[in-house]
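Chain lettering (A, B, C and D) follows the sequence in which the chains are written, and residue indices restart at 1 in each chain.
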Amino acid sequence: MARASIEILDEGAGQIFSKITPNEFREHMREKVRNAWRDKRMDIKTAIKQFVHDGDYLTMGGVSFVRLSMAAVHEIIRQKKRNLNLAAGTRTYDFNLLLDAGCVKNIDCGYITGMEVFGIPYITRKRVEMMITSGEVGISEYDNASMAWRHKAAAMGIPFLPIRNMMGADAFKHSAAKKIRCPFTGEQLVLVPAIYADVCIIHVHRCDIYGNSQIEGALNEDLGKSKSAKKLIITTEKIIDTEEIRLSPDRTLIPCFYVDAVVKIPYGAHPNNMPGMYYVDIDHMNEYMAASRDPSGKAFEEYYEKYIFGVDNFDEYLETIGGKKRLEHLEDLEHLRVRE
Amino acid sequence: MEKKDYNIFELMAVVAAREIEDGAFIYIGTGIPMLATSLAQNMHAPNIVPVFEAGGIAPQMPTLPLSVGCSRTTYRAIRTCDMPEIFEMAQLGVAHYAFLGGAQIDKYGNLNATVKGKYNAPEVRWPGSGGANAFGSLCWRTMIIMNHEKRRFVEKVDFITTPGYIDGPGARERAGLPPGTGPYRVFTDKALLDFEDKTKKMRLIGLLPGVTVEDVVESTGFELLIKDDLINVPPPTEEELRILREKVDPYRIVLSRGDQ
Amino acid sequence: MEKKDYNIFELMAVVAAREIEDGAFIYIGTGIPMLATSLAQNMHAPNIVPVFEAGGIAPQMPTLPLSVGCSRTTYRAIRTCDMPEIFEMAQLGVAHYAFLGGAQIDKYGNLNATVKGKYNAPEVRWPGSGGANAFGSLCWRTMIIMNHEKRRFVEKVDFITTPGYIDGPGARERAGLPPGTGPYRVFTDKALLDFEDKTKKMRLIGLLPGVTVEDVVESTGFELLIKDDLINVPPPTEEELRILREKVDPYRIVLSRGDQ
Amino acid sequence: MARASIEILDEGAGQIFSKITPNEFREHMREKVRNAWRDKRMDIKTAIKQFVHDGDYLTMGGVSFVRLSMAAVHEIIRQKKRNLNLAAGTRTYDFNLLLDAGCVKNIDCGYITGMEVFGIPYITRKRVEMMITSGEVGISEYDNASMAWRHKAAAMGIPFLPIRNMMGADAFKHSAAKKIRCPFTGEQLVLVPAIYADVCIIHVHRCDIYGNSQIEGALNEDLGKSKSAKKLIITTEKIIDTEEIRLSPDRTLIPCFYVDAVVKIPYGAHPNNMPGMYYVDIDHMNEYMAASRDPSGKAFEEYYEKYIFGVDNFDEYLETIGGKKRLEHLEDLEHLRVRE
């Protein structure tokens, strides 16, 4: 037999923040799957308390201003979880809140702090710059594609995926990727390591009590993330009967055996968009961005006090942002019944 | 038509739209790329395939989206999918164009969206790549849209977030990127630029209405190649403006941001 | 209950069903595995997850399927997906059991479904692995169902289609397969067998009603380990037969094939 | 930078039958995609003539007795295509017909000749055994999972995928796979090469004139195959309006830009199952299996003469198998309105 080898042409110096191996994950899933048909309903306080721990590697569903599990983020902040490792392919508002609250230790970075068209919150950016300089936060650099593929690799049960970008980019040097020559084609390839997470939180349109979940609109990295976390918390707009799930099995994107908790939270993505249900609360986003521009940090503190620390749960939060009337307006916006 | 009849966003959208040929598969971000793509689709390129990073393929946008994943990007789409599938299309060679921006660009079209100053002690930390690195690495042609300022058009970017031609001809291929790809056009508020074939250096090929070569050179932080037969980019036609304003963005969600 | 009250398919289905615990995730093929799984689900294991190779997850089969992909395998399922996703579940450690068959098996539980005789000049060429190799390599526990014949239970299989314990303890792990996996039970028309923990060799642990140790030994082409406290497998109970016949396969689509 | 390497622990001696590289495929797709919105309707004769060539690497959709594109198979046989290279993860009846007709040169084998519960057709098996012995057919050995992953790798635009099976199996020796030690985990892994095909044929439930396709039931390897062939022929039960596609974009499994031909063929999977439409024609399968058991080969010849060579198109074939009445019975079976 041949004793050839594959040359490793280059290696990044970035850290791997999740230490979970495929074999360790296999052992975990072996036991977890036995609970496929357990009624998993609980409240968000219990879910976060039970499944999110200091030092965990955390992945979150949704993308940019869409389908972020805000109730879970608020609760993580109120429960003062610390030293979280975060996967950050296109994180925006949810990530920023965790960062501002001091929950974050390390970041696998695809896109952080940015609020797309709204800009970058000044205070958050300054905080990140200071944390990088002081070494308080660790960052490994990737991009949205390589991050998406890292989650996908884990969901496939393999330790890495070969990809064709990241070459010639400086992010490579600050990543844990390796560049090789393909043993089949002779072309250069980058290998990115899989991310097995401790816990993942995804907000969905509807699911049953076991966690069989349906999602509308763009799926971002959620298929990969849902399968690659030891614990999966589903927050949902609505709980439906399993009989309804069985009517269109092609629409179940997350089967129940991956799920650990089902938490019903209507409007749980506010102020973000829930496709087909409610639109981005642009006024609220502007209020947040404005608060972030006060260099003293006072306005920002007030924002957090008002919307997170000053309330006990997401229902109270929803009252604070304008309650039923405001939410109905966001529904009208989503369905194009009124103009933005 | 008088200059005052259109704003800079309208102008840049028109200039970019003219470069999009029919049948193209295009990744579009929010803002001007969306205006340009939608305008092209309504003018001369009805058969394009507009695609959004988070999973929306060829939607019929009822209004312009706020982000690359919001419900407007999947409204009456021909398919919704996940992000790996979107990037795999680029990896598979399906994608003709991506529109990218950046905080810094250099003469080889390398883009920086990560950090100004030292990596470990940043003067400014920007959000990072997002989808840009993969799109710029894997799509056939990268279209770049930026404000033309000296501090943005720099000799060498502080950090290569998305490689252009890196440090010259053949460098992309030597680095291992798929052959035949790279930056194609740069659209700014002053000029239309490409990359000269032999040197892969950025080259001025057209001036926007009212702009001089000196204006452009002064706004560029590196030595710019200048094409002999420089185009005076024609201003937007009445038809282009009408479609932009009536069909593409009737509520001026994006267009209004170009009002100065 | 008299022996004549059930056929061999009914008996084997019952014996296999008793080994399935509640909460198990099980890949099932057509035939006896389906009977066994469905029986277990209706008896003591209501919370199992039955999965089919081509993409059906936890369907409510209206009648027994003819193949691992036919519409009965996705009828009122909780999810339909593609084959890579199904196999990735096994790779991810989600899958507890797979039921496999084969044309030959040896003392280490290696299965041959590819070729009898020389590879390049086959005496018989069988279809090949199908899903078996991946299921047997990646699931936690492999359940094997075979007719107990000397020509099938051989010293060494002509071709390892699906590795059992290969050539003894630690061999699977040395070959690189995920640790902790391997053949768990063999169900035949004569006996119930497992693999002795220290040697990983096949071991007789139970006799089906009316079968003697000598019958089994004579039908086995290799030296079989025999457990000291051999079980006399109890015949199907009335309840087991009732559920098999009334709920699991009322039209006797599979059961009838066990009539002799 | 480190100059480490990845040891190749073992390599199979099997051939790679498709020579198409990722870069060549990329160049091809660059041009093909421009036709996304072309009206692609044509008849099956034209589609097979235009897109299937002697020596091509061919992939086919569906699985076992489900959703096989039989009209395309009949036409390939009637047009006497030769030296085809076939991907054979769980092929049954469609593959057997091509083999019996002498169309096949090389096989990437996952599962061949078997008809699951119906057994193995005697004549076909004998023919394969002879062809192997004489070297007339080339076989590389895989399994359904590694074959599915090979198609998936191609669809992802990468030259291989790492997987965790095939180790300790004799198929590995007769495959083109390589065993390595993972540079991230230290575990052993198998790398299987991607399959980029010349042409792929998939039968679907419905699509529009551009090829945007919907499929019900199990998807087998069709997502991967549809994206990894230079030419893609969609045969369809029904052509629907693009407006209908846009009503449920989550149900479009094959977007139009991968598609080259759209051929409408109602009942085009007979005698196989079309989930939600018609069931397996068990009587026909039994007739086929019975014919295959005549060792003289005469009964088998008659079978082929009657159903393929003796008819000009699939409509005529459908008359031969019993026409409308028979097909309605298969519909009744599928919908459980009558018993098997």
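General remarks:
The rule we apply is simple: a residue touches a chain if its C-beta (ideal position, glycine included) is under 8 Å from a C-beta of that chain, and two chains touch if they have at least 3 such contacts.
Just so it is clear, the structure is predicted and the values come from calculations on it, not from any experiment.
Listed here as common contacts of subunit A and subunit C: D. Across C-D and B-D, the chain pair carrying more C-beta contacts is C-D.
Taking each chain's centre as the average of its CA atoms, subunit A and subunit B sit 28 Å apart.
Subunit D has its Cα centroid 40 Å from the Cα centroid of subunit B.
One simple way to say how far apart two chains are is to compare their mean CA positions; for subunit B and subunit C this gives 58 Å. Residues of subunit D in contact with two or more other chains: 22-23, 157-158, 163-164, 187, 189, 216, 250. The residues of subunit C that reach two or more other chains are 74, 80, 84, 90-91, 138, 178, listed in rising order. Taken as a graph of touching chains, this assembly has some other topology, since it is neither a line, a ring, a star nor fully connected.
Residues of subunit A that touch subunit C in their complex: 22-23, 25-30, 33-38, 155-158, 212, 227, 242, 245-247, 249-250, 252-253, 255-257. Against subunit C, the residues of subunit D that register as touching in their complex are 9, 62-66, 89-90, 92, 109-114, 116-117, 120, 125, 128-129, 132-133, 141-146, 148-149, 152, 163-171, 174, 179, 187-190, 216-224, 273, 275-276, 279-280, 282, 334, 336, 339-340. Contact residues of subunit D toward subunit A in the complex are 1-8, 10-11, 16, 21-23, 157-164, 178, 180, 182-185, 187, 189, 191, 193-194, 216, 250-251.
Against subunit D, the residues of subunit C that register as touching in their complex are 30-31, 52-56, 62-63, 66-71, 73-74, 80-84, 87, 90-91, 114, 119-134, 137-138, 159-163, 166, 171-172, 175-178, 251, 253.
Those residues of subunit C lying in contact with subunit A across their complex are 22-25, 46-47, 49, 57-60, 74, 76-80, 84, 88, 90-94, 96, 138, 140, 178-180.
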